[in-house]
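Note that the chains are named A, B, C and D in the order they appear, and that numbering of residues resets to 1 at the start of each chain.
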Amino acid sequence: MAHARAMLDTHPREFGFPAEDLAAAIEACFDCAQTCTACADACLAEEDVESLRRCITSDLNCSDICVATGRVLSRQTDYDALITQRALESCIRACVACAEECERHAEHHRHCAVCAEACRACAAACSELLDDEVEEELSALQGG
Amino acid sequence: MAHARAMLDTHPREFGFPAEDLAAAIEACFDCAQTCTACADACLAEEDVESLRRCITSDLNCSDICVATGRVLSRQTDYDALITQRALESCIRACVACAEECERHAEHHRHCAVCAEACRACAAACSELLDDEVEEELSALQGG
Amino acid sequence: MAHARAMLDTHPREFGFPAEDLAAAIEACFDCAQTCTACADACLAEEDVESLRRCITSDLNCSDICVATGRVLSRQTDYDALITQRALESCIRACVACAEECERHAEHHRHCAVCAEACRACAAACSELLDDEVEEELSALQGG
Amino acid sequence: MAHARAMLDTHPREFGFPAEDLAAAIEACFDCAQTCTACADACLAEEDVESLRRCITSDLNCSDICVATGRVLSRQTDYDALITQRALESCIRACVACAEECERHAEHHRHCAVCAEACRACAAACSELLDDEVEEELSALQGG
């Protein structure tokens, strides 16, 4: 259903990332943003909401950072390597922290298990892109 | 890849919408938010950017309203029918306006054609949900 | 500190709203978005978090809708009257609902009192703009 | 008008930053998010929009990252030092890049001059907070 890849394939400019990796990271960011919003909401409805405070905060932070990162990655006109790198690092940290917190509650709350999965997938897709970027930079340095 | 339906299926509360329709609308909102961000970026890279001003503005407005609506729909704890209705109406309007504008450029710019498709799909999924809500209200009135 | 008015005064185009009302509504939306995020967080930290579920949901919905509305209002290039109207209506509803809920807790939680004030101010500024828009339309109809 | 400081003063928990610095950074993030949205829109309306592509992209990226950072800073319940640090670094980079780009156009476009000012102010407020955080960590290490 997602159109991220189709949008990259019809973009008028070239971009520094393999389209497959870029589309995967963009989709993972938007999916994680949604999943974390839903997990915060589901946690709020649980009887033991007092023990889910940290989980709700992690969810909300992760969702906001994922929306911002997904949008930064969606903009490839006059792309800025350093902003992208910082955004990816920030996103990976938020996703890993949220996944770790969600995993603590995954046995009792299935929504936390689903959310941890979405966070791990997003962290992996963003790490892949960060690796691509470093490789690109290295190869530019070596070619120069 | 999207986890919207899995999150609804593991939510501790009941909700007033059929889960299938609700998941479809949530996913469509987040997909449309991404597609519109990408379309604004692709338009900005086109040679005839002067003739795409309205398209870029529509894209940006639609993307912001879709993120907000997708998140409101993702929150089913202490759900507020009137806020949901207003958010859906606002989203449908933004999607239809953006689809109409994108369709004007669809022949020359394939990203506009893809974006129009995502906007139409989002407007349709939100309209479906708005119908569900009105039916729910009517049935509550008649049952009462 | 806010730059909304300075940005309107340096914008290359004319716009349909009095700059004073428009700047007031834009600033109120961004302020309310921040205040509601902070109120949701403060509620989450309270001992009686179980009784603040509805307040947290209202805060989060209001914050998201205020960001979207504040951004739509900040875009005056190829302005769309109907999108603006729908966004304002949606924002007013979210602000009023959040203010009402916060007021229920205002005696016990001072952050809820502050948040209710920010929500009421935002609803008032958006209503003023909605009135301006209706007057503009009427005067266009009568002039035509 | 902004309520960031009042919200911090009524928050039930202690937090690791001086309230004055924290409130200043939060307000600067939300102000910068608004200003950048408005600058992107004003650039789009300029006759020489072709030469403002990079400026529009920087504005949009900076606005999204500022919203996310302003919200992360607004959440002090179960605060995560590393996420805050990464978000601040990402925000500072986006603000500096946007200020530099806007300054290139500041002579011809006054909105770019205003936006550069808002970006510099936000970068400074976030840097102050990053220094506070590092000092806090050092003092915790030395105290231990």
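Methods note: a contact is a pair of C-beta atoms (placed from the backbone, for glycine too) under 8 Å apart; a residue touches a chain by one contact, two chains touch by 3 or more.
Note that the structure is a prediction, hence the values are computed from the model and not measured.
Chemist: Which chains, if any, touch chain B and chain C both?
Modeler: Touching chain B and chain C alike, sorted by label: A, D.
Chemist: Please tell me whether A-D or A-B has the greater number of C-beta pairs in contact.
Modeler: A-B is joined by more C-beta pairs in contact.
Chemist: Determine whether chain C and chain D, two copies of the same sequence, contact each other through the same residue numbers or different ones, counting it as same when over half of the numbers at the interface appear on both sides.
Modeler: Shared-number fraction above one half, so same.
Chemist: Between chain A and chain C, tell me the centre distance in angstrom, where each centre is the average of that chain's C-alpha atoms.
Modeler: Measuring from centre to centre gives 29 Å for this pair.
Chemist: Using mean CA coordinates as chain centres, what's the gap between chain A and chain B in Å?
Modeler: Computed from C-alpha means, the inter-chain centre distance equals 21 Å.
Chemist: What positions in chain C touch 2 or more of the other chains?
Modeler: 41, 44-45, 53, 57, 60, 67, 71, 75, 77
Chemist: Per the contact definition, I'd like the list of chain B residues that touch chain D in the complex.
Modeler: Against chain D, the touching part of chain B is residues 40-41, 44-45, 49-50, 53, 56-57, 60.
Chemist: Can you name the residues of chain D that touch chain C in the complex?
Modeler: Going by the criterion above, the answer is residues 1-4, 6-8, 10-13, 26-28, 30-31, 33-35, 37-39, 41-42, 44-46, 63, 67, 70-71, 74-77, 109-111, 113-115, 117-118, 121.
Chemist: Using the touch rule from the top, collect the residues of chain C that touch chain B in their complex.
Modeler: Contact set of chain C toward chain B: 53-54, 57-58, 60-61, 64-65, 67-68, 71-72, 75, 77-80, 82-83, 86-87, 89-90, 93-94, 97.
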